[in-house]
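Here you go, one structure.
Think of it as A, B, C and D in the order they're written, each chain with its own count starting at 1.
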C-alpha cells in the first residue's frame, strides 16, 4: 500500500457522499412539505460535511497543493468513483427515498466497519458520521414504510422506484483492485462481506412496508471504475460550472 | 460607429440563433414522430449554420485571434445577448412550437430588413438565411394551426404556451444603445419599426388557429442587456461543458 | 354580546397592548386584529418559502464545498422560519392547507423581491447582504409586537437573519477582494438588487394603507419611509467598505439631516411586480404549486400510514 | 389454393430469387418470407431510432459548433434511415403504429450496442468509427438482398453510413493528434466500445438461428463469423493508424490465414444485454416510450386538423 492507494481509497468513499449530497441539494425548496424538505436538506448537509472531511484528508495525503475544492470540482467524469445508484435522478419522491434507503443501509454497515480501520483519521470520520448515518437510515426506512404501507398510489410508486433502482445495489459490494490492496493493509472495509447482511436488512424493511423484494439477478455496475450512467455528465456540468468558468479563484 | 459596435451588434443577432438551436438540439430523438423530429432538427441546423456565419464574421471583425468557438462557448452568462424568449425550456411540444412561431415571425421580418443593411456580409448572410427562415415560419405557423384547431387538448396546450410566452415578445423590438448607434450607421435593423407588423401577423395566424390573442400589456425583458432568466445558466453549463473542462484544445 | 360589551372588551384589549402586554391565541381579540395578523404573518411565512427559490437556484452550482454547505443551511433556515411562522399563524385559527391555498391561488402576497431572478453567484452575496439586511430592518421591531406567538417567532428569525446577512456580506467581500471578474460580478449584483431592496421596505407612507392601525398594534413601529432611510444610512457605508458603487447618481450624504438623500424609486415597477408581472412571479408560483401538487401523494401516504398505525395500537390495547 | 399450387408458387419464387430478381411488395411471397422480412427490417428500423439516443446525448455538449452541427446532422440521418426502413416494412402489410407497439412492448429487438452509455465526447468518435463500421459490414451485402424496397433503402443507408464512419474516424484522429487528455479519452472510448462492436456482428455461427434460411433469401450473404473477421481485419490497421491499442491481448496477425486472431468474446454479456439487462436498456426504452406517449396529443391534433381541413374542402366542392 502506498500514498496513492490511500488517496484513491478516500476518494472512492467521499465521492459517494458528494454525489448524493448534490442530488439532494437539487430538491431543496421543492419537497412535498416543509418538514421533509428540511429533513432531506439535513441529510445533504451531513453528507457534505463528511465529504469535506474526506477530501481534506485526501488533500493532506496527496501532499501537493490540492485543496478539497480541487478534488471536488476539478476532476474529469471518469475520475469520479461514486456508485451508479447515487447519481440516479430525483424522478419522484419515491426514487429519492428508494435511493436513500438502498444507500443508507449500506452506508451504516460500512461506517460500522470503517470504525475498525487501522487509519485513525478514517476512524475519526466514521465515529462522527455514524450517528448521522444511523439517523438517515431511520429516516429513509420510516419513509419506505409510510409509502409502502400508505395508499395504493404510494405503494405502487415506491415499489416502482425500488424495482428500478435495485439493479444498482450489487455494485455497492464490489472491490476494486485498489480496495483489495487497502483491505489487505487493514485500512479498507471489505465491502464484499457486507452483502448478506445488507440484503437481509433491506428485505426486512421492505417486507414490513408490504413491498415485494425484487428478484432480478441482473445488475449494473461501473461507477467504482468511473464508467457512469448518462445522468452523471449533466450533474457534473452543474456541479463544476463555477470552478470551470472562473478558474483559480477564491470564493 | 466603431469596430466594437459592429462586433456587439453581430453577437446580438447570432446569440438568438445559437440559443434557439441549442434548445432545439435537446429535442433531437425525442419528437412526437420521426417527421417532426427531422423537421425540428433541420431548423436547429439552419440556425447553427447562421450562427457560425455570424460568429465567423464577428471573429474577423474583432481582429484578434478569437474563433467562432471562443465566441460561442467562452463568454460569461451576462455577455450573451439573446432575447429571453429563446432560452425558455421545452416544457412540452406546445411551448416548442409557440416559442418557434413567436420568434419566426420576428425573424423573417428582421431578415427582410437586414437585406437592406449597408454591411455586405450581413446582407449575404440574410440573403442565404431568408429562405430558411421563411420555411421555419411556414412550419411553425402550420403547427400553430394544427394544434390550435386540432383537438380540445391541443388547443388548450398551445394556448397555454402562447399565453406563457407572450410576455417575452415585446423585448424583440427593444433597441439597445449599441443598436441605436448601428441603426444610425445604416447597418442595423430598426427593430422597433417591426412591432406593428409583427403583432398583426401573429394575430392573423392565431386567429386562424382559433386561438385567443393574449391581452397582457406586461412584458419581461433583459436578454438584450444580458440579464437572463434562471433557465439560462443551466443551458450554458451544458453548452460550455467541454470547452470549459478541456480548455485550449482542438476538436 | 351586546355592542356595549364588545366595546368594553375592545377597550380592555387596546389597553393591554398599550401596556405592552402580549396577546396570546386564547385571549379575546377583535376580529380585525385576527385577520390583520393572519394576513401579515402568513405573508411573512410565504415570503420565507418563496424566498428559498432564488437561492435554491445556486445550490447545485455553488463554487466551493464550504459555500455550498452554507447556502444549503441558509435555505434550510428559511424553511425553518416558514415553519415557525405558519405555526404562529395557525394559532389564529387557520390551517396550513388554507394558507397554502391562499398562496397558490394568488390571494396571499409574498415579498416582491423574490420575483427577481438570481443570475450569478454574486446574487447569493447580494441577497444576503441587501435583502436580508432590509428584512432585518423590517423585522427587528416585530420582536416586540403585541401578538405573542409572532413576537417570539421573530426573535428567533431575526437572530438567524442577521447571521445570514453577515454571511452575504462576507460573500461580497470575498468577491470584492478577488479578481476583477469577481469584483465586476459583485458590482453587477448590487446594481440589480439595490432598487428592489429599497422597494422591500414598502410603498411610501402616503401610499401605504395599513400604517396607522399597524402602528397601534405594534405591527409597525416606524413608517416605511423611516425604515427605508435607516436601511440606506446603514448600507451605504458598507458598500464603501466593499469598494462598490451604489447605482444611484442622486445618492449623497446630507450634512444637515445627517442622512443620505437618494434618487426616485420606480414605483411603477414596484406595483407591476406586486401585481404579478415581475420577471419571475410565474416561475416562483409554478415552483411552489408543483412542489405542493407533486407532494400530494406523499402527504396522503403519510396520513394513511399514521391512521393505520393508530388503529393497530388501539386494536392491541383493547 | 391447393397444396400443389402453393408449392408451385414457392418454386417460382425461389427461382426468381436465385436469378437475382427483386421481389416487390405486390408480388406473391411465402408467409415466412414476409414475416422474416418484417422482423429484420423493423429490427433494423428500431436500431436506427434507438441509435439516435446515445449520440443525441452529446448534442447539447458538443465541443465546437462544427462538431455540434455534424452530430445533429448525423442523428437526423438516423431518423431518416428509420423513416425509409419503416416505410419499406410497411409495404409488407404492417402499420408503423404496430411496429412501434412491438418495440415499446419489448417484443421487437434492436441492436444491443445502443444499450451502452455514451459517457465522453470520444464516444461520438468511437460510435461512428466502430459501430457504424460494423453496421456497414452487416449492411453492404443487403444492398443486393432479394426484397426490393429493403435493398433500395439499404443503398441509401449505406452511402450515408460510410460518410458517418469516416466522420467518426476523423473525430478519433483529431483526439489522437490532440493533447494527452484527448488521446486518453479516445483510448478509453475504444476500450469500452471494442467488444460490444464485435458482438454487433451477431452470435457465432453455431449459435445463430436464422443463418441458413437468410442466406438463401440473400438477407445474409456471409455468416456472422465471416463478417466479424472482416470487421476486425479492417479495423485493426485503422487503430494502428490512430496509435490506439485494441483492448485484446490475444489479438495477433496470423500469417498463415492472413487474418487477425482474436480473444474470446464474453457471450454471457451479449445475451444479458439482448435479454434487456444491459447498462441502458431501461433508459433507452423509457426514452422511446416517453417520446411516443408525450407525442400522442400532438399526433392526435394533426390528425383531427387534417380531417377538419378535408371536410372543409369537400364542403366547398359540393
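The rule we apply is simple: a contact is a pair of C-beta atoms (placed from the backbone, for glycine too) under 8 Å apart; a residue touches a chain by one contact, two chains touch by 3 or more.
Here the structure is a predicted model, which means the values were calculated and not measured.
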| item | value |
| --- | --- |
| Chain D reached from chain C - shortest hop count over touching chains | 2 |
| Selected interface, A-C versus B-C, where C-beta contact pairs are more numerous | A-C |
| Relative to chain A, chain with the most remote C-alpha centre | B |
| Rounded Å distance, chain B centre to chain D centre (Cα mean) | 35 |
| Inter-chain centre distance, chain A versus chain B - centres from mean C-alpha coordinates, in Å | 41 |
| Touching two or more other chains - residues of chain C | 61, 181 |
| Residues within chain A bordering two or more other chains | 76, 233, 237-238, 241 |
| Overall pattern in which the protein chains touch one another (line/ring/star/complete/other) | other |
| All pairs of touching chains, each written as two labels joined by a dash | A-B, A-C, A-D, B-C, B-D |
| Chain D - residues contacting chain B, complex | 49, 52-53, 56, 59-69, 72-73, 75-76, 79-80, 82-83, 86, 121, 171, 174, 178-179, 181-182, 287, 290-292, 294-305, 308 |
| Residue ranges of chain B touching chain A (in the complex, touch as defined) | 76, 233-234, 237-238, 240-241, 244-245 |
| Parts of chain C lying in touch with chain B, wherever the complex brings them together | 54, 57, 61, 117-120, 181, 188, 192, 272, 277, 279-280, 282-283 |
| Residue ranges of chain B touching chain C (in the complex, touch as defined) | 76-78, 164, 167, 216, 218, 220, 222, 227-230, 232-233, 237 |
| For the chain B and chain D complex, residues of the former touching the latter | 22, 25-26, 28-38, 41-42, 44-45, 48-49, 51-52, 55, 68-69, 72-73, 92-93, 145-147, 149-151, 153-154, 157, 238-239, 241-243, 246, 249-251 |
